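Worksheet: one structure, shown below.
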């Protein structure tokens, strides 16, 4: 069986496991005050070009979104987000559990525009009854989106500008941010993200770690009293160093031997493993396209969406290819999702491509 | 430096790490539906003598308490607990964040009595204005308590009976339950806990795992719709198998070679490593007692509390012994806590005892 | 100036004020346990044909919605509602404040269909990831809707049936229910509402009272422990008899002298004053129609919506007619709302009609 | 029967009813933007000596406490309060419903000291684990307390100073504030309260109104975005003018004929009716004392507490005197509460005193 179901089907990148094992018996204090967490925070500050940044490690994505949004919103405010946003659809009401409304904006392939945000906020304050309604208090976007699509640097700049003109913070959910940064379509850097977003997180769970998400606020004043809030949300790890060691590994030079390349940023393990996944995803996409299948969404990242005849869907599965339907099965054709990760091998992708070609004949 | 600060200063038990590494590249589906999680749930059902039990893995203790309490209480109800209870003191308001009041009962060394519970509930319903007050909707206890003390089997039976007579569920926080079960003072078993408590959790973080807590409800009807609530609380692990593998290791026979002993329950790794810790803790205690120091709390588990002259506290630290003050430093003497774990070695305890004797001369 | 801005611009119906003054110095116990509240609850039980009903008085609409929805939903559930529903748009996030998501359904003139509800619930449980999403736990509808439109008896029966087939309670917001019942288009009775809805409320604030809403659940088991929840939501009136006296007046025979008519239900003050308002609203509508203006929404109740040329909007206001724009002012025409109430007089409507005709020449 | 059960057993002061009836058919806009509400806010600003104050009308006490505390606290903070505080005991968990913990301080007859507050806050920040605990974010006190006792001006100044030294706002629950101000023991004025407290409320429900509480913040920046929060908490009255008219009457000169006295503040109806009640309460107390009964609490306000032999308790009731037990009935004696209000008459008190003397012979 070859697996393309998701990017959280394996443990952690072997280098991460190696470091966890190496340090396993060391004694450190808890809750993220250990030397590894301190080094990891510094490494992330360096990688994001934000030397003063608040960096806080949390455990999973839903929890991170709930905690950050709870920290950023005042009580009468809600969070603007695409209708298809993960927080609106797939978090079991975690945002509302903390008392906040998700204010939705119609999205196209997961993306919303600066103009839509502007219109929403402007219309809100133009309504005479606005004090009876939930004020837009922040904006949530995902990069890449739930559909694998990307905001360009220009789009991010526009969104950031409109948020700041309306004095609402911009928060970016980077559960798969590594795959965005590693995309050939990316015209932005991690520094750009840190500069344009008030708060964002670097997802670890889907990018090579056992678990862990790193919240970053270039200006720490954006997240006052964040630590007790993380604790209150049940998002604080007693053995914080587990996250520290993992993120430190992710933001270390991936080839510690090559002295001559040590300043090159793309050598971070984070970049290297995400690049690997994106390259393989593009190969899969090229093969489906070459065989004449519909590319459902034009994704330049590690998630690929195809609309395939049901017969082909079934043939692929009969050939031991594992992947998810994306939405309900249609009468004649079905949209499916293929996901690669750091753990996907060249051999697996070669085998998939060969099967695709075979069943398409 | 030798460390007795807490039981979460290291990674995971080496056997746990070994299993995580062995399985690291396997592909499994997420959110606890993988084979390891299924096997781990079965192992826990067997170990608790509760074949129908709901077993759900969460990540950390505060989160587990908040989620279980949120699941058990109706909206007009609060949770009865000792004044010194972790949920009342050290969880940054996580229980209140979900909308519930902690109704406190004065405690002695962390323990409350069945009689106190009875009196509270009886007094509540005797008050004519009770519908303006927060109804006692469940009872929370810790075993061992925050002070290392234990409820005896008889005490647990009495507490369970009074709860059920008043029709409120009993929930036991087992963050350190392994050290309770492994105590020479324990006259109860894991099966007793599962039988007497409506819900409890088997703590992994402080008993040999990287992280992870296993919620157990012998009667799964006690926790309907628990899965989406776990998700809502941000307590669901995408890579659920990480918890599954860890708990499966904890509840596997610790010596897979010894065929003749395979049915002996205390051979679970869980029991073995907790016994180790408790034995060392008792040795520490004996040494302090022998040297004439005050045993602050009579704890038969892995946490030991002594009230020492400040000069001794300082001497121990000067001798590279690391431990925590328990409360503020007094004028002449200070209560301190020594904690052992699976990771504490005989050599470390021998060294500590030798230092204690040395500074006491 | 003549006013058609809303149905809460005056105090209470004079008969209500008279009864409040008459009883003002009587001594009664608080919180709704007084004789007037008891009689009022009985009167409502009789009027709704629900002899066992739980009847609880709350103070205002937003608070009532928040409290009832909080009582009906389990924590992992949300409330299905029309996108245009008051709870989704104009309650400042009160529903989310209690931790619940509003799950929206596209609406037509404020109405949704049984079929839409069926599709939403069916699609929800067909999605493999449904446990990561907010479960539809109840349905909220308004009668009349925010647009003055009505559900027919058949539509209500269908909606009730689909809710009960899916085992979710149906809750009807009756802030203006009196105007629905009094509409010539109404083919349902108060008994029908009580029979088809698990919970609903009879709005007093907009139908003749100073304040007050009466929550009704024909089967009281639908709202267990409702009283402490009302208190918790800050919705309990110390001087409960104020609500009791008001509702008792509303549900008393409006003409206590006419012995021969005493069993006729429409003689309740509630019906009488709402009929008055609806009759006047229909007269306004006929006049606008007669003058050739667009009826924006086909409303058979006390709210009327017209799309008028801006010049006419301005002329009306220049003639001392007060009313609200409904949405933003358009470039050439604007939709406006005219509302009548028990306090609107025939003379005021005659004057309005005369002005409308005058400015239309 | 003569009633001394509570101060919310009647409707509103007749002058309030008169003004409500006089204005009943006037048309005004809703939600507190009407002329009466504007005038009432100005009258309260004048009476409190706080010309810039935010004044917002809410409906009831529990709701007011929940809304103000929700407005003042950040999410990681709790509210300091006496153990016996209304918010801790008799509000069905309304504070926790909004996510906040009540941090209790042992109280003496309902009062806490500046020193206790100082010690709590100092101890909190001295604890190394304070970020795992709920931070004291504000202080709640009641004046008079739940036991009828008063803070002196000096005590209020000390409490205010300690709060501001620790940078936490001071909030005073003035449900019965009028009875405090009217007490012969009062050495403070309404201006003092406004100056020393960041936020407080002037209770109307127990001081002559049908319902209504006026929140006052001398510095409106202390309560930013308060209006939508009031709406979110379901505490906004559609017919806001009902509160406006009532409070305007309460803060109008009680004798509109006496021109020569028009600037004398104690001529406000508020003061006049509360003075009346306190005077009668002191008469009751003197009679019980004279007859040799135990004064349970030394209260200089409108609530009086006596510890009486059970035979006397029963005799009083047999003589048609209505009052409440304060706590459970004792074996030999029981503490009872007698409350007066604006509605209590001299004749009723004379009758009571005569009965007391009679049964004591």
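Order as written gives the chain letters A, B, C and D; numbering starts at 1 within each chain.
Throughout what follows, a contact is a pair of C-beta atoms (placed from the backbone, for glycine too) under 8 Å apart; a residue touches a chain by one contact, two chains touch by 3 or more.
Everything numeric here is computed off the predicted structure, so don't read it as measured data.
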Looking at chain B with chain C, do both copies bring the same residues to the contact (over half shared) or different ones?
same
Of all other chains, the one whose Cα centre sits farthest from chain B
C
Length of the line joining the C-alpha centres of chain C and chain D, rounded to whole Å
34
How many angstrom lie between the CA centroids of chain A and chain D, rounded to a whole number?
52
Touching two or more other chains - residues of chain B
75-76, 91-93, 97-99, 131-133, 228-229, 231-232
Which positions of chain B touch chain D when the two form their complex?
75-76, 78, 89-93, 96-102, 123, 126-127, 129, 131-134, 328
Using the touch definition from the top, list the residues of chain C that touch chain D in their complex.
1, 3, 5-6, 8-12, 14, 17, 20-21, 23-30, 59-64, 66-67, 91-94, 97-98, 205-206, 210-211, 228-229, 231-239, 241-242, 322, 343
Going by the contact rule at the top, pick out the chain C residues touching chain B in the complex.
70-71, 74-76, 98-99, 131-135, 225, 227-229, 231-232
